[in-house]
Amino acid sequence: MFNAKVYISLKEGVADPQGATIKHALDSLGFKGVNEVKTGKYFQIELNIKNKREAEKQIEDMCKKILVNPVIEKYEYEIEEIKR
Amino acid sequence: MREPEKIDAEIIKDHGLTVEEYEKIKKALKREPNFTELGIFSVMWSEHCSYKSSKLILKKFPTKGSNILVEAGKENAGVVDIGDGLAVVFKMESHNHPSAIEPFQGAATGVGGIIRDIFTMGARPVLLMDSLRFGPVSDPKSRYLLRGVVGGIAFYGNCIGIPTVGGETFFDESYKGNPLVNVLCLGIVKKNSIIKAKAEGEGNTIFYVGSSTGRDGLGGASFASRELTDESHKDRPSVQIGDPFMEKLLLEATLELIRTGVVVGMQDMGAAGLTSSTVETASRGNSGAQIDISRVPRREKGMIPYEVMLSESQERMLVVVKKNKEEEAKKIFKKWDLNAVPIGKVTSDGVFKVKEGEKVVASIPVKSLTDDAPIYLRERAKPKYLEEANNLDLSSLPLPENIEKVFVKILSSPNISSKRWIFEQYDHMVGTNTILLPGHDSAVVRVKETRKAIAVSCDGNGRYCYLDPYEGGKIAVAEAARNVVCVGAKPLAITNCLNFGTPTDPEIFWQFTKCVEGIAIACRELETPVTGGNVSFYNENPQGAIDPTPIVGMLGLINDFSFLCTPWFKKEGDLIILLGNGEKSIGGSEYLQCIHQLKKGRPPELDLTTEKLLQKTCLELIKKGLVNSAHDVSDGGLAICLAECCILNRENLIGATINLERDIDEREDILLFGEVQSQIILSCSPQNFPYIEKIANKNKISLKLLGKVGGENLIIKKEGKVLISKNIKEIHKIWENSLVKEIKI
Amino acid sequence: MKFGVVIFPGSNCDYDCWWAIKQVTGERVDFIWHKEKNIENFDCIVLPGGFSYGDYLRTGAIARFSPVMRKIKEFAQRGGLVIGICNGFQILLEAGLLPGAMRKNKNLLFVCKYTYLRVENCSTPFTRLFKRGQILRMPIAHFEGNYYTDQDVLSKLKKNNQIIFRYCNRKGEITEEDNPNGSLEAIAGICNKEKNILGMMPHPERCSEAILGSEDGKIIWESIVESLKDRNRGKK
Amino acid sequence: MFNAKVYISLKEGVADPQGATIKHALDSLGFKGVNEVKTGKYFQIELNIKNKREAEKQIEDMCKKILVNPVIEKYEYEIEEIKR
């Protein structure tokens, strides 16, 4: 079994109003030195698959096919084996 | 969770049961209960499910009427005949405590719950309204709650596609930390396809439908039956998450299923989940029920029977299907990708039997959980604060130096200014029936394929009820009725949500009783029976109880929507008329709070006979097409009402000149901002005035000519002396932007 | 002539579209379940608003895999008329039938209100009865209507006259303040190069009857009927 | 300068209808062996702070104060120094 962590964020150049709003809120709460906040999504996917290669292929596929909108988003992931 | 070895005094207390109640349980079972049974009794006998403190008092409500098809208490919501073979199902419910802990999800799941109550009766929900109370907007925690609650309502209502067409929002110190979130849902059903929440017919199959069961909301019913304390955040795991998408599927599948005729009865799994839905349907059907919980779809591992029975996971329903029709039902649920599992049968022995596989985990006589639940008449005592609070010495109140400044300040009070920031977050147009958008006296929704329209208004004034719960209760009904009358609808019936502090406190219970009596008498006089509602006790924060806050949801009917009346002034040269002549009071007024920071005095008096005549007159004038606008005088008094008449139509702001001739002795602040009952501002073309006068005279309702529509200013004069003269664009800007500004800080 | 309104799980303007088209055109309108594979007999397909699959993941991201979508692609390739409204527009974007993507509204809130629109192109089958530059009053209701695409695509959209509606003020001026969601260049609706697929965030079905406060949406349905009539005449 | 990556997910036992719907979609797209999908949020915060300890304290504070809803969410973060 594997656990995949998928991180999706906005591509460079795509405005992130939510990030800007959070930055603004942090500033006004008195947090110093916040240069930028970027928002994104985080998925954890548990896969009942024996082989790490295979798991990677699946996750890559999922990202390409459905999890990510390539017009505005980019992604990264990590895959770890879970031992029960 | 692990099952305790033995039930001891501690455990009984934790379940909110008294020693006497525990004895009563033993008597009903003729033995000691096991842990699962104790849990079942505790939720069924909780205030939330059993209404043990309120039941006797609620009997004061009038519930019968010629168009009432299902009376209060008999089903999950009341049903009112509106002609054309159609009926309206509507109800209001609170989700105060969950919203205090997690405002977004608390409010969202509150919306989900009330919608299920409506569509499980076979009605298609057509509108939502929300009645909200928060601490002062200046308080950051209250703003956080406001944002969360509004966001949650929007999230759920928008996604499921039922328009939130109106509501009300009020800010007051007493709701700090204990916001009120009351949501009304209204649906329409063909009279002959109303579904009952009944499990009857031995051998019929009990289906579990919808989301799987987790540990969320465990003990929610008993949680709602307790005060909020600083420790309440520790109850966290019980937070429920709303899934409006799942509910949309449930809604469509359910309505499709009903059309096949295989449904015997149906109930939503709300408070006390699987337990209350099975027990209550069996009780209404005078049946028994046997279920096997090993078949219940679960989201979490290792749940014990106690947890399965008490879970309040959202978006689940119980559906009783005719035997041998199970496959037909399954097919429809499958089409909508829904879990639908037969978990048991209706029986005839009057026993609620719960098995897990072969093992019996609970066996309880159904009626002992419902009809035989404890009922109390709580102690009552007139609150000590009243004498001091009712005593307002006018002479000690300085007259404002600059009355126009006062006007601007009241206009920008969060309680008076525009609620656009709220209602624009709600999809209020989906369904394409909303013919009066939010922001007016009532919400109006047409009924497709007929000429009819439904008007609904939610009202309740906690300040008035704090100062005089009986008058406050009366006023809630009268004001709600007046609001639907102003759009041209005839008031038919009410639902309500009664929000109070802790019922075992005699002063709170006195407030509760008085409010109910006030509502009851007003409903009798105005012939608008009570079709149902909800009681929410234990609304307290560490500083004390909230102001007593009964909210009334009034249903009105317009027979031909081409006679819809709107509140704003329309034409240059139209005459402005004041219909009705109540006694003004600054007791409990927005003026007194906003300018003098006082919650004192007496609320305006309401004479129900006059009120009834006033409403009759107004309706007659609208139906005869004699008036161009109608708007009732309420919070903020005459000056605010007139300002609203000038600016409520953003696309066409229009001024007015008012000359107040009489009331010479009255103080200017009372004259302009004193609050009053039984008054409506009308506008009409000059040639209609004589007819209007005639009708008012016939009905013995006083009528005063106040002035004329037109110009770019709102000018209010008293005997020629200008009190207020302000550009309507400016007035509009102040009124429109004040709340947003405060929220965005 | 036959209109088809697709029902995805979570669609909630399906019945509203059905009702509006029926009221305005009197033509036949049928519902199409999202698993349907046969859409041969339709002349115009409507992807209605709502929250298909709850808008979970992203708006339109899951609905685009519904079996009917492949058929709709083929239908559009044959020149069939397809109009996506609100969530329907979002699905068309996710499905790649129209270019670009939607982001959350600039104020991060759901917004439901009347807006003004300027008609930028009236030589499409959906807008032929409008006048160029005509100003419409039409409601919006969405959380993610903040249209985005890169400069490359944007210049193509402009070059091919694919921008159909822009948000504006009462006078038809494009201003920051009157752009309700932050859309690139105030775009409210676009179509494909061939002009037979239209996506728009505002809801014409919500303003197709006088009783609802505006009838500007009516003209879209009427334009479609005109176009289809022409086309059928051509066939004969 | 530091870059913090903050991962927010739902606490155990809190229902995740969005995750369930995505899992269902993956299943019907033919992805095999998906046991569970959990959804969460992902923030990247760039801090103009000299000291790692200080940066950690700031991020911890931000999570507690604004980024995380402690009633239903839990969080983790990583902090890396960025060299320019």
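Should a chain be cited, it is by its letter among A, B, C and D, assigned in written order, with residues numbered from 1 in that chain.
We adopt the following convention: a contact is a pair of C-beta atoms (placed from the backbone, for glycine too) under 8 Å apart; a residue touches a chain by one contact, two chains touch by 3 or more.
Just so you know, these numbers come straight off a predicted model, no measurement behind them.
Peer 1: Common contacts of chain B and chain C?
Peer 2: Common neighbours, chain B/chain C: D.
Peer 1: More contacting C-beta pairs: C-D or B-D?
Peer 2: B-D is joined by more C-beta pairs in contact.
Peer 1: Rounded to a whole Å, what is the gap between the Cα centroids of chain C and chain D?
Peer 2: Roughly 35 Å separates the two chain centres.
Peer 1: Using Cα averages as centroids, what's the distance between chain A and chain D in whole Å?
Peer 2: Inter-chain centre distance comes to 9 Å.
Peer 1: Return the distance between the CA-based centres of chain A and chain B, expressed in whole Å.
Peer 2: Going by mean C-alpha positions, chain A sits 41 Å from chain B.
Peer 1: Please list all residues of chain A that touch 2 or more other chains.
Peer 2: Chain A, residues with two or more chain partners: 66-67.
Peer 1: Note the residues in chain B that touch 2 or more other chains, in rising order.
Peer 2: Within chain B, residues 243, 245-246, 337 contact more than one other chain.
Peer 1: Which residues of chain C are in contact with two or more other chains?
Peer 2: Residues 53-54, 56-57, 62, 65 of chain C touch two or more partner chains.
Peer 1: By the document's touch definition, which label belongs to this structure's chain graph: line, ring, star, complete, or other?
Peer 2: other
Peer 1: Touching chain C in the complex: which residues of chain D?
Peer 2: Interface residues on the chain D side: 17-18, 21-22, 25, 28-29.
Peer 1: Please name which positions on chain D make contact with chain B in the complex.
Peer 2: Listed in rising order, the residues of chain D that touch chain B are 11, 13-17, 21, 24, 69, 71-72.
Peer 1: In their shared complex, at which residues does chain C touch chain B?
Peer 2: Listed in rising order, the residues are 9-10, 12-13, 16, 19-20, 49-51, 53-56, 109-113, 139, 141, 143, 203, 205-206, 208-209, 211-213.
Peer 1: Quick check on the complex: what are the chain B residues that touch chain C?
Peer 2: Residues in contact with chain C: 151, 154-155, 158-161, 243-246, 248-249, 336-337, 423-432, 434-435, 437, 446, 448, 561.
Peer 1: Within the complex, which stretch of chain C touches chain D?
Peer 2: 53-54, 56-57, 62, 65
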